[in-house]
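One chain, chain A, appears in both complexes that follow, with chain B as partner in the first and chain C in the second.
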Partner chain A sequence: MKSQTTLKMMLAAGAFSVAMSHGAHAQDTVKIGSVLSVTGPASFLGEPEDKTLRLYVDKINAAGGVAGKKLELVIYDDGGDANKARTFATRLVEDDEVVAMVGGTTTGTTMAMIPVFEDAEIPFISLAGAIEVIDPVRKFVFKTPHTDKMACEKIFEDLKKRNLTKIGLISGTDGFGASMRAQCVKVAPNYGMEIVADENYSPRDSDMTAQLTKIKNTAGLQAVVNPGFGQGPAIVTRNYAQLGMNTIPFYQSHGVASKSFIDLAGAAAEGVRLPAAALLVGDKLPANDPQKKVVTEYKQAYEAATKQPVSTFGGHAYDGLFILVEAMKRANSTDSGKIRDEIEKTKGFVGTGGIVNMSPTDHLGLDLSAFRMLEIKGGDWNLVASGS
Partner chain B sequence: MAEFLQFLVSGLTVGAVYALVALGFTLIYNASGVVNFAQGEFVMLGGMVTVFASAAGVPLPLAAVIAVVAAVVIGLLLHRLAIEPARGASAVTLIIITIGASILLRGLAAIVFDKQFHKLPGFTGEAPIDILGAAVQPQSFWVLGGTAVVVVALYVFLEHTLLGKAVLATAANRLAARLVGINTTTIMALAFGGSAAIGAIAGILVTPITLTNYDVGTLLALKGFAAAMLGGMGNPLGAVVGGLLLGLLEAFGAGYLSSTYKDAFAFLVILIVLFAAPQGLFGRRAVERV
Partner chain C sequence: MGALLNQRFLTLAVLAVVIAVLPLVFPSSYYFRVASLVWVSALAAIGLNILMGQAGQVSLGHAAFFGIGAYSVAIGPAHLGIPPWAALSIGAALSAVLAYLVGRPILRLKGHYLAIATLGLGVLVALVISTESRWTGGPDGMPVERLTLFGWRVSGSYTWYWVTGALLLVGTWIALNLDETPTGRAFRALHDSEVAAQVVGVDVARFKLQAFVIAAVYASIAGSALAFMNGFINPDQAGFLHSVELVTIVVLGGLGSVVGSIVGAAVLVTLPQALTVFHEYEHLLLGLIIIVSMIFMRSGIVPSLSGLFLRRARA
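Presenting the complex of A and B:
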């Protein structure tokens, strides 16, 4: 009998202490939400983003949290499905009651989630590439990755320096490729570029020699640009070399800016140029480069924790998280509206993707200097000295 | 001319892979009446196992053998664990089981291997060979030659061995085959193992050209299925012709017409063929005995 009473008391005490700690917990933490495509076709984007967020939230908490509060990260995996993303976004807002959101791996999932966060008036820092996310500007929506329009402009800037104006496009028909192709066509006249060939391939095609042969035989062709991501550009690059087109300057997009592209394309990748974030060439940046410290530290931390090579996609998540954390510190509050105002006031934030200067009309805050023009030489990225 | 040859070679290379996948479909369809939608996963397994085995230090030829054996084992397991227990079920049920198996295999591959793309070196170097102005990868010859060997071997097996004739007999009439003493369960297991081997060989041959990852099988299964339908489901010759034709349609469509609509173009031609000849180019006219 006695032992039973003791047991009951212990249980009651246990329940009470759980309730207490839960209450205390809720007061000292602030919830940040995220919906990422950790699995599915965009997993190569979502996975490093997921790992980066978890890694740095732990680091921030170990260092005492933000404005006296610990961060609590709530991550859902949408598997690349926009419908699921929207459901999870609603759950973050209604059940988890997050104060802000860093996530949205693809443009598709981001666009599906925007209305939820706009309605709830919760700041949403997206990790998706396309310019539609921040153009037109929405009050609560920001993003960290460079846009495809900037990639086109950077490539055209380089072409102009080399006095090459007649270009051929070979684009993937996936969302990324199609969007970047459209942006390139749009900004080409601003740089005096003439598009003399315009071919496409499906993202899962295994052979692009037919399209490349057509481009190769176009009169007056001076350079070729390949907007696309995934394995498609690697096959295009291999076919490009196979057809002996290496003498024609070849540009890839920031969509292939990961080491696996060089591995897959092999020797064929030699001489290929592409615009990419400083993160890829952290060790090659001059010591006085403002981004040098951030990118080398992130690279070391990420690679030590995950044993995988760093990618720019994880870097976007790093930038998003720290833009948010800095804004929370400045606001010294967990009020979503105040945090939003401070995110918009972000100035001179040095991230892995570039130096961010946001304004009420610019919710990205990057300019062309955020992109570095790289050339693949000896199986590695090399900075192209400006003017060459 | 050089342009034409370039399109021809790239069409034939891709087409040969479609042909091998279509052959795999045909073999199982003949033995069991099932369209095995996990066929693409055998191709994936062939490529991925070879990549990972050779990365682990196994010499390439041995890695290729390991990949084929692994695919055959999985093909047999698929038959033993999923198809055989449901042998009384309708063909539609069995087809849905194979779709489930394909999703399972893909998921397992994503976990066991990884989600990255991988490549294999060309078997005999990667320097392109110039043929009348067309640049051809040496691996293309491996793909075409390998396909030819598989087709001939399959032909000899079916036409000139007792076991092969048993497969044909089962395909013609399963009940009659069982009555004359053929163990149709063994024949079905053989068909699953055989088509897994063919798929794996296709995957090994083509990986140096197309790269591979855990879900390359999906699209190849779709294209191979289209090729098999085009040639006439159940006819090995039709599968080969259908595969090559589909590859050529895609290459010439992309080269001479529009690269944006090349897949649409290929499938449009297939639709037209099937409107004119619903059994496909070499299909048997289906006769329902009353």
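Presenting the complex of A and C:
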């Protein structure tokens, strides 16, 4: 008897998995996929990405679509879990049969999904930060956000201008912090930087005064760099001020480039410098700046539709979507291979993150000019005039 | 005894038939991928169920062993030149040794204290994995070399469906058999009352430790299988949330029921996939379904439903 029950249960489980929805295909639409971390620890990245994609796909469709076809956007939420992301990636490729993908909020989820898109030969424009995504270059993988290596280079460039060469590092042990720390250590010699102190903290720590005191007491220290994202850097910044270290120049990374960092760190954030995309200072850009139009339009559209302040993370999704759409227009086709070839030929694309010039050896296409050096003054971002 | 043997054989035969028949109705390899995930989660859960359901000990850090298995097959071939196949066995052995060493002192604890101790073990292992980035690639994870068996490269959702299905069959067979051995009966005596078990001569400490080691080996092998299947692994798989997920599978499916672990895994793996159509209500519904099923089926899905059918049949 028990076995009969067993049989029934198993059949029910089987039937259940079969009953999962299987979409119909229409001739006049083309499917674009996305797997984002809309919930979970990376939701502050994934949520603006999700809203941006939905907002602009609607706008594109209202304007007649791409190459005579309407876009159909399929978004799945991986909750920041790389294993789930991998499953959803398989689902996009096998079940939804998307022609291209714009997504992958974190480096972890992106790295887990890469093999799926490489095997299926479907272009994948990632929204993750780390340089591993595009180095080594993979045929079908592209990305829009600046790399952590570029952030280090931008900071070191600024330090060099100020004649500061002995630096202390305090980095988070999370993926972002660990990866950026490694890149900073690697490129430091190219800029004549000497790392005199190297401390780290766990992303959930609530006090970093111990590490900062050690850095403060390092002989010859001239500046401090904090690779990290989330709330960690805000605490580091507060502790930094509490220890009276404000006289030592302090650099944050592009990982804190959102208004909430200034809110969390408060007055302690005054004088902190960081490299960030033009999007944060759109209204302060000179009128002849090539990015001025794109960033102010995106900011207005996003803030009008969501009633939330714009963040650079949503901007990455904007750039990814439009690089793809332009490539589809040029290819005038829904063939994944042709779209990939056109994405690689992207030249002079003006996005929120910078001006993109891709090539077979560069699947990011941004140079250091994409980053602006900002300084926090009066609770707001300010452009650091070049040369100061 | 003959009847028991039959019943065990029948359960296994049904499982084999289900594994064999499902591919006939799968429209794409995405379904093979989801089913393989069910088999892997079920394998880990069956092991944990031996500890929780049969021996009555709780473990809130079981993903640690899953992580050890997964990282063994990632680190072994990449850094130490160990063939993937051997790395899987080494991972299982490592998990068994760790479970033995750690289990000896902590299994003396009871209730909340045991739960906290296993939780601590899980957190520690996850911490080591995400900090030792030179070996493990840190929080972003690391790639895993493909498994090759006798020159045959095991890859693709379809292949892994059969490999994980076969692993699940073996795991189920061992667990079902164990249930009817003196060891299995000792486990159940432990579960019901430790004092009574001790009085009738069951070596309580030894059997607890045995259950813990068996559960660790199951989780380790499941972890290795997932790492091979994904070709990529990150510390989430060894993390606290994954431990909780394994416990949820066991409790939802039914404590002490081997089939329950498979059903629990099927529900917990396929439900999030099926609920994506509800977008933002996805997590709300998932939680609701689990709460409602735990309220109405307190002893778990399989034991509750089979109890219901048995009562109907008698009436």
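Note that the second predicted complex is superposed on the first by the 363 of 388 C-alpha atoms of A that agree within 3 Å, B and C clash if a C-alpha of one lies under 4 Å from a C-alpha of the other, contacts with A are read in each partner's own complex, and residues count from 1 in each chain.
The criterion applied here is as follows: a contact is a pair of C-beta atoms (placed from the backbone, for glycine too) under 8 Å apart; a residue touches a chain by one contact, two chains touch by 3 or more.
Treat the numbers as computed from the prediction; the structure is a model and nothing was measured.
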Partner chain(s) touched by A:Gln231 [first = chain B, second = chain C, both, neither]: first
Partner chain(s) touched by A:Asp263 [first = chain B, second = chain C, both, neither]: first
Contacts of A:Thr173 with chain B and chain C, given as first, second, both or neither: both
Chain B or chain C, by number of chain A residues touched: C
Chain B versus chain C as contact partner of A:Glu94, first or second or both or neither: second
Contacts of A:Ala112 with chain B and chain C, given as first, second, both or neither: second
Intersection of the chain A residues that touch chain B with those that touch chain C: 39, 173
Interface residues, chain A side, partner chain C - complex: 1-11, 13-14, 16-22, 39, 76-77, 81-84, 86-87, 90-91, 93-95, 107-108, 111-112, 115, 130, 132, 173-175, 178-179
Residues on chain A engaged by chain B in the complex (per definition of touch): 39, 41, 43-44, 47, 173, 199-202, 204, 206-207, 209-211, 213-214, 217, 230-231, 234-235, 241-244, 260, 263-264, 266-267
Residues on chain B engaged by chain A in the complex (per definition of touch): 3, 6-7, 10-11, 13-14, 17, 110, 115-119, 126, 128, 135, 137, 206, 209-211, 213, 215-216, 219, 250-252, 254-255, 259-260, 262-263
Touching residues (chain side chain C, partner chain A) in the complex: 7, 10-11, 14-15, 18, 21-22, 25-31, 33-35, 37-38, 130-131, 133, 138-141, 143, 157, 226, 230-232, 234, 236-237, 259, 262-263, 266-267, 270, 272-274, 276-277, 282-283, 301-302, 305-306, 309-310, 313
